[in-house]
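Here the chain labels run A, B and C in written order, and each chain numbers its own residues starting at 1.
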Amino acid sequence: MWREKLQIHKSNWIAALHPSCKFLVVCLYSFCALLLASFKVGEGEYSLYTIAWFVIVPALAIGSGIIKRFWNAFTKVLLVAVVIIVVQSLLIPGGDTVAQLWILKVREEGLRSAIYLGFSVMNIAGIFVWFFQTTENKEISCALEDSGTNYKVTYVFISTLQMIEILGQNSKTIMNAQQARGVETQGNIVVRTRAFFASLVPLILGAITGTEERVLTLESKGFDVNCKKSRLFQIEKTGREKMVNTIAIAITVAIVGWRVALWIL
Amino acid sequence: MDTVIELKNVTYTYPLADEPSIKDMSIKIERGKFYGVIGENGAGKTTLCALIRGFAPSFYNGELKGEVLVEGKPTTEFGPGELSLKIGYVFQNPFTQISGVKDTLFEEVAYGLENFGVPVDEIEERVIEVMKMTDIYSLADKKPFELSGGQQQRAALASIIVLKPDILVIDEPTSQLDPEGTESVFKIIEQLKNEKKTIILVEHKVDMIAEYADEILVMKGGRLIRLGDKQEILTDMSLLDEGVQLPQMAILGERLIEAGIPLSRVPITERQAAEAIGQALQKARNS
Amino acid sequence: MEKKYSIKKDFSMIAILIIPIAVAVNFVGGQLASLLKLPMYLDTIGTIFAAMLCGPWVGATAGVLTNVVTGIANPVNFAFIPVNLLVGLVTGYLARGNMFSVWWKWILSMFIMAIVSIASAAPIVVLVYGGVTGGGTSLITATAMAAGVNIWAAVIGTEGIFTVLDRIISFVISWLVIRVIPDRTLVKFGCGNLYIKKKKQEAPAEVK
């Protein structure tokens, strides 16, 4: 059965959760992360809870059985976070000196800002990494359509991903051809800028010629027809979505309650 | 006579153009026949196709005088998508006919059926059948944009045929293909002919037209200059002066007759040529 | 003669097909720029192209979508969605306002485009990342900050010159491509009538 081959089956139930369920988790998690970051803890008033909260992200990645893929994608986020933490803690003056190494001083205010910004970025970007590493683009577009998003929007989304792949290949071909024709890609900045033009202009031209024909092709294939479209690919639900949603909402409500209580008391 | 498409005194001008691309053209296209459209570049062949399919004026805008009727109804009165099920349209460039949103060729061919809301079980059945007919079933799980030009063009044909239109407008499907690709595309067109589809094919390879078409439409400067049986038109040497290409076999036959070899008729295909020359040789031997 | 614009008409079928190309051009431009070691990002060429040809909202969509897609690989990019949205909007409105027609208007436009980008990126860099993102110019910014220069001045100063250059190159490439598109095709684009070489007396055809 061909249709069967097109479906995505995941053995891990957390990874297999419906994208809309996972997306709710992402949104609530990010909201909680920001809320927790506003809790100032102890004498230094550092946002320590947001560090603790971050434990959930790797835990989810491990639980979803994608820790390797997660780590590969997360290193980019980590790099940004590390830069933020280092820069903030070293460069922002103010408060007592917490630690000192040669001429580098870490002051209280710097450390406060470092933790606040660094872990907020790690939390929010991290949970998104989890989402995208457990969800395929096809599932995202399918879930969007199911939730009533216009088919033109999902068309643009999926077509964009494919176009990036196609133009990426074309740019390599054009670059090679330009080099073979003697367009220099090394040398001073003027030479390199010229090479940039020589590669990019034909690339864009090649991509847009035939756009009219592509419009008509889509029309020939009923793109614009006003009827309910059928779809070979369907996303499955695991049956645990309700439970996960409930837990996520319950935790959020608890944290909001805690925060409100702290304000009032 | 069962007319499916009719042009009544049609004159059409593209936006910003100085003069019309189609000038006062009237024709009747009969159901179930295969029309080959020939003529030099800029003769208005593609515009004729666009008019029949309604792309002109619905997409290209411009100015249309006269009427283009499909099954008696003006093309301008069809709703979106309605004409897609009646008239299949295949373009020149294989690459532009890919939807851009499908990962496998199987899904690519199924795309139109999905849009028309055909039930999934039926989609699968029809797609497999068409992919086998167009000889691309073995490529079903390949990425559409990584195929060769010939494979892509067969896929383009497949994704239109799968919609089961009665009429097919095919605009220079082989101009960007190698001989092998051309051959495979014409095999498919031949099958469509056997299924009694109405086919309108624009093609520069006039030898192919001679082989497969029933009727020939000759265009020049936006006008229809000839319409009729292929045997009659493709052997009319005066068309050479109009910039129209004729089959090599017809020209060969004409030369042989000029040289005094009594052929029973001017051939337009290799098979006819072999026959006629054979007969002439037989006669010569007998006398 | 005034042409009436509407957002719905902006998103014609042809515009829908231009958006993916624009995003892919942003990608390839950025990759090529770093491959050729150019001191600019050059990753908004597609957005500028789409905005010039199809108007501000199509341009903005291309801009947003670029960051959504890069965000899939690195969610940190989501924070910069407003920057690319504004690149599209501003370029589109400048195009419609005929702000690329005379040389002094053109130079002014380049500066407006650059200033809007910096002005929208700076608050995000400062407020979300505390001034440094780990990108190419981060080191200069960090050094300036360490030398006691005001954090806002540091961010804006390092980005400034290169952003203007970036916009000029991006514009010129888009313009070169648009010049090659035949008039017959240009009329199909929302803002295509602005670039038609031969003007006819009659109104430009309505875009489907």
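Assume contacts are C-beta pairs under 8 Å (C-beta built on N, C-alpha and C of every residue); 3 or more make two chains touch, one makes a residue touch a chain.
Owing to the predicted nature of the structure, the values given are computational and were not obtained by experimental measurement.
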Core chain by centroid distance, with centroids computed from Cα atoms only: C
Most extensive contact between chains (C-beta pair count): A-C
Interchain centroid distance [CA atoms averaged], chain B/chain C, Å: 43
Separation of mean Cα positions, chain B and chain A [Å, integer]: 48
Approximate Å spacing (C-alpha centroids) for the pair chain A, chain C: 22
Sites on chain C at which at least two other chains make contact: 17, 20
Shared-contact residues (touching 2 or more other chains) in chain A: 155, 159, 162-163, 166, 211-212, 214-215, 218-219, 223-224
Touching two or more other chains - residue numbers and ranges from chain B: 59, 100
Chain B - residues contacting chain A, complex: 53, 55, 59, 80-81, 84-85, 88-89, 91-93, 95-97, 99-101, 103-104, 106-107, 110-120, 123-124, 127-128, 140-141, 145, 156, 159-160, 163
For the chain C and chain B complex, residues of the former touching the latter: 17, 20, 183-184, 187, 196, 198, 200, 204-206, 208
Residues of chain A that touch chain B when the two form their complex: 1-3, 5-6, 138, 155, 158-159, 162-163, 165-166, 210-233
Contact set on chain A toward chain C in their complex: 73, 76-77, 79-80, 83-84, 87-88, 90-92, 113-114, 117, 121, 124-126, 128-129, 132, 137, 152, 155-157, 159-164, 166-168, 171, 175, 185, 189, 192-193, 195-197, 199-201, 203-205, 207-208, 211-212, 214-215, 218-219, 223-224
Chain C contact footprint on chain B (complex, rising order): 14-17, 58-62, 100
